[in-house]
Amino acid sequence: MSKPMGLLLNCDLGESFGAWTQGVDHQVMPYIDQASIACGFHAGDPQVIKQTLALAAEHGVAVGAHPSYPDLAGFGRRSMKLAATELIAILQYQIAALAGMAQNIGLSLSYVKPHGALYNDMMANGQLRSAVMQAIAECHQPLAFMLQATADWETHRSEAEAFGIQPLFEAFADRCYDDSGALLSRAESGAVLSREKMLDQVQQLQEDGSVTTVSGKRLTLVADTLCVHGDNPEAVGAIGEIRQLLSP
Amino acid sequence: MSKPMGLLLNCDLGESFGAWTQGVDHQVMPYIDQASIACGFHAGDPQVIKQTLALAAEHGVAVGAHPSYPDLAGFGRRSMKLAATELIAILQYQIAALAGMAQNIGLSLSYVKPHGALYNDMMANGQLRSAVMQAIAECHQPLAFMLQATADWETHRSEAEAFGIQPLFEAFADRCYDDSGALLSRAESGAVLSREKMLDQVQQLQEDGSVTTVSGKRLTLVADTLCVHGDNPEAVGAIGEIRQLLSP
Amino acid sequence: MSKPMGLLLNCDLGESFGAWTQGVDHQVMPYIDQASIACGFHAGDPQVIKQTLALAAEHGVAVGAHPSYPDLAGFGRRSMKLAATELIAILQYQIAALAGMAQNIGLSLSYVKPHGALYNDMMANGQLRSAVMQAIAECHQPLAFMLQATADWETHRSEAEAFGIQPLFEAFADRCYDDSGALLSRAESGAVLSREKMLDQVQQLQEDGSVTTVSGKRLTLVADTLCVHGDNPEAVGAIGEIRQLLSP
Amino acid sequence: MSKPMGLLLNCDLGESFGAWTQGVDHQVMPYIDQASIACGFHAGDPQVIKQTLALAAEHGVAVGAHPSYPDLAGFGRRSMKLAATELIAILQYQIAALAGMAQNIGLSLSYVKPHGALYNDMMANGQLRSAVMQAIAECHQPLAFMLQATADWETHRSEAEAFGIQPLFEAFADRCYDDSGALLSRAESGAVLSREKMLDQVQQLQEDGSVTTVSGKRLTLVADTLCVHGDNPEAVGAIGEIRQLLSP
């Protein structure tokens, strides 16, 4: 049931846009296994996508599409109420753009991870999650579906399998979990772990397939991949330490 | 040298956007051989693209990408000065989005036809034409390049062959040509042909591989496909007559 | 309490965008008292705004800003979850753009009517309504606030007065009301009134300050203005008949 | 003829967009006299505009609109071919948005400075410059027109006066001039002055109303204001030194 071995590292990259730069992608790419690349609807533009794909190819990193609500001005962090058919088309457009550009340089897109508000809304709303999975399932190539590892992982696995797609559960290295397997809101103290606690959590996920929740309870968390952040040089330091822990 | 047989019909479709409807795609699709589909940068949105692709599939119509400068507000009719690397990335993004969405329903993208100001600028500027051809040549699948049939067709064919791509020359059914093989500007009288003259021009292109220019001169025009318009029901009537003429 | 006299007619105009045309503004403008003009965030662009303002000036029609969520692709019909400070800034930008362009041709903006999903969300959510009213109240010029006439009109009037702004209640000529003063959903039969019933409803609003609800109950409805639609020539015919009824 | 006294300092500010931050506006604002604020078409969004205006108000800095071609993805640095009526409407929309939001907090917009490619295109093209001046002249409030100080300053002054608007000539503190009064292209060595040469140039502009060109020639340059850059902390240091020089 638990999956203590082989945790991968994934990071959201390609989040610059036009003249605006975001993140330190060149520093992060050497440490990670999976790059979730913005598709132009919340961040990223055709040139940024192309450069990020080339960087992933250079470092042998697997690439995933990181599609979003259509909301550049809000960085995809604002919930939008879309009809299911509309959302499905919007996701397939983004996935196709990224997959084709990847294929142009010999890469094969391997997964889809929804971004920002869409990610959160989809974790909370089964209908929305179904729309996302349908969007992925209708794509011509097999694509895994990256979603949050929670206490409901078995339900989510069944849902994905019903759509014929493979789930990839991700845990968060630096965030504190509550007893339901949800992330503590950033508004609450202790929501973001210290460097030391983060490394403890990674080790426990890796060795025991569990986390210790805010109340001190042990919670089984089936995770395939760890989400790390590459926003700034300090964050990159943390990625290096996690990498060292996972692949000493 | 001339190519009197087998003229195809192509039309620009999928030019609606969100709540705004443009064209009568359902009426046009049954008559044409090739649908040049807007990719979302001057018109079209993910749902419109999906619907247009499905309509093409239903009628067995070949599909092409109709990419543009990034200019929704100007419908891609305003020239923009982009660096070549920028333009190439922008085109590849649009092509990939359309190609992938086509493949999702079992269609294979067959060609690329630049839109509007980009089309005109590219016909006038060899460096820009090279950037467009490089964008197409770098795509992972073979894609033909649809461009205007002019007196320079041999040069253009050589250019395309140097990039390893197949040119598709298009002539305009309803536009009067000048002696250089350019279209008479719409500002000039006689630029848009009457129904009768249009049918004469189509017949001459089909049977003789030539047009009669505004000065009365016979001009050889190597054309693979005829561009027709589907903006309104009247235009659709003309398409029906041309179809009848080409495939009686 | 009721307000049987002096009903005005308002219509949403300026909803074209770039090459896409929507509505028959030239036919509608002669019949109405108030033009609610799209500000470029769900429809309208600088040229369309300028032309619509000039048309209003020509016909002596009062102008209002018709701001929206930032959602061109969805025509402002998709709910978006924005922080209050964000929404307020977005509304003030749109209002300022329209007010200044009006002033450039000697017009004075007189009111603000939120559009589409924002309008519906605001009628259902008091916090959102407060944000809209704060946005209006902070503007340098006095601007009325157009909102839906419902059974809660007294509450809404108090809210507006607390912000120091004047409410303008609008009723819908062609829509059937339920007993709570809400519009019957378009999904239900009878939601959109026949021409004859529409004229009866207008007459009752005008003479008695009330509507007859779907259940046959008389409901007092305090309305300052009637919303009419100018999407197509048929709709314009209805406006003409309503105008005739109100100002015989 | 020369104008050795009273040089002002202006800086382009408010160039963040959504989640992307650009510039160090808080550090720059205390040193400058005029803030040219992006209007949302190449950078800036309603919240950024509101914050930048508030910051200008706090420091008693005059505010100008910094409108652009409609090109967020290109930061307004890509030339676009717009019809004059289209450009005029686009400029007036941006100016109105900024002017109204300024007025909401008690500020009065004082000038307009075109941005990026529009600025360069307008300096090179008299018809485009006329369109910009017409856009400004048609605004309901008097607005000065900030443009580059070149050897043609007398012609430009006459043009502006013909439109009834006041020109504000700006010189560049840190750029080397050629003998025609144009800036040396950044591609050429010596185009961007060292800190020491920059301060010499500022002093010469201030005291003698002239610059020393790349060839060593003295060129009279009538300047009202000096353009400085606030992109990074180092640039801010230079602004402080220039301020010290101008107002010791």
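Labels A, B, C and D are assigned to the chains in the order they are written; within every chain, residues are numbered from 1.
One rule holds for everything that comes next: contacts are C-beta pairs under 8 Å (C-beta built on N, C-alpha and C of every residue); 3 or more make two chains touch, one makes a residue touch a chain.
Predicted model only: the values in this text are computed from it and were never measured.
Taking A-D and C-D together, the pair of chains sharing more C-beta contacts is C-D. With centres defined as mean CA coordinates, chain D is found 40 Å away from chain C.
Centroids of chain A and chain D (each the mean of its C-alpha atoms) stand 42 Å apart. Residue positions of chain C with contacts to 2 or more other chains are 45, 73-74, 86. Arrangement of the chains shown, judged by which pairs touch: all-to-all, with no pair of chains left without contact. Listed in rising order, the residues of chain C touching chain B in the complex are 17-22, 43, 45, 72-75, 77. On chain A, the positions that touch chain C within their shared complex are 70-71, 73-74, 78-82, 86, 117.
The touching residues of chain C, counted against chain D in their complex, run 40, 45-47, 49-50, 85-86, 89-90, 92-101, 103-104, 106, 138-140.
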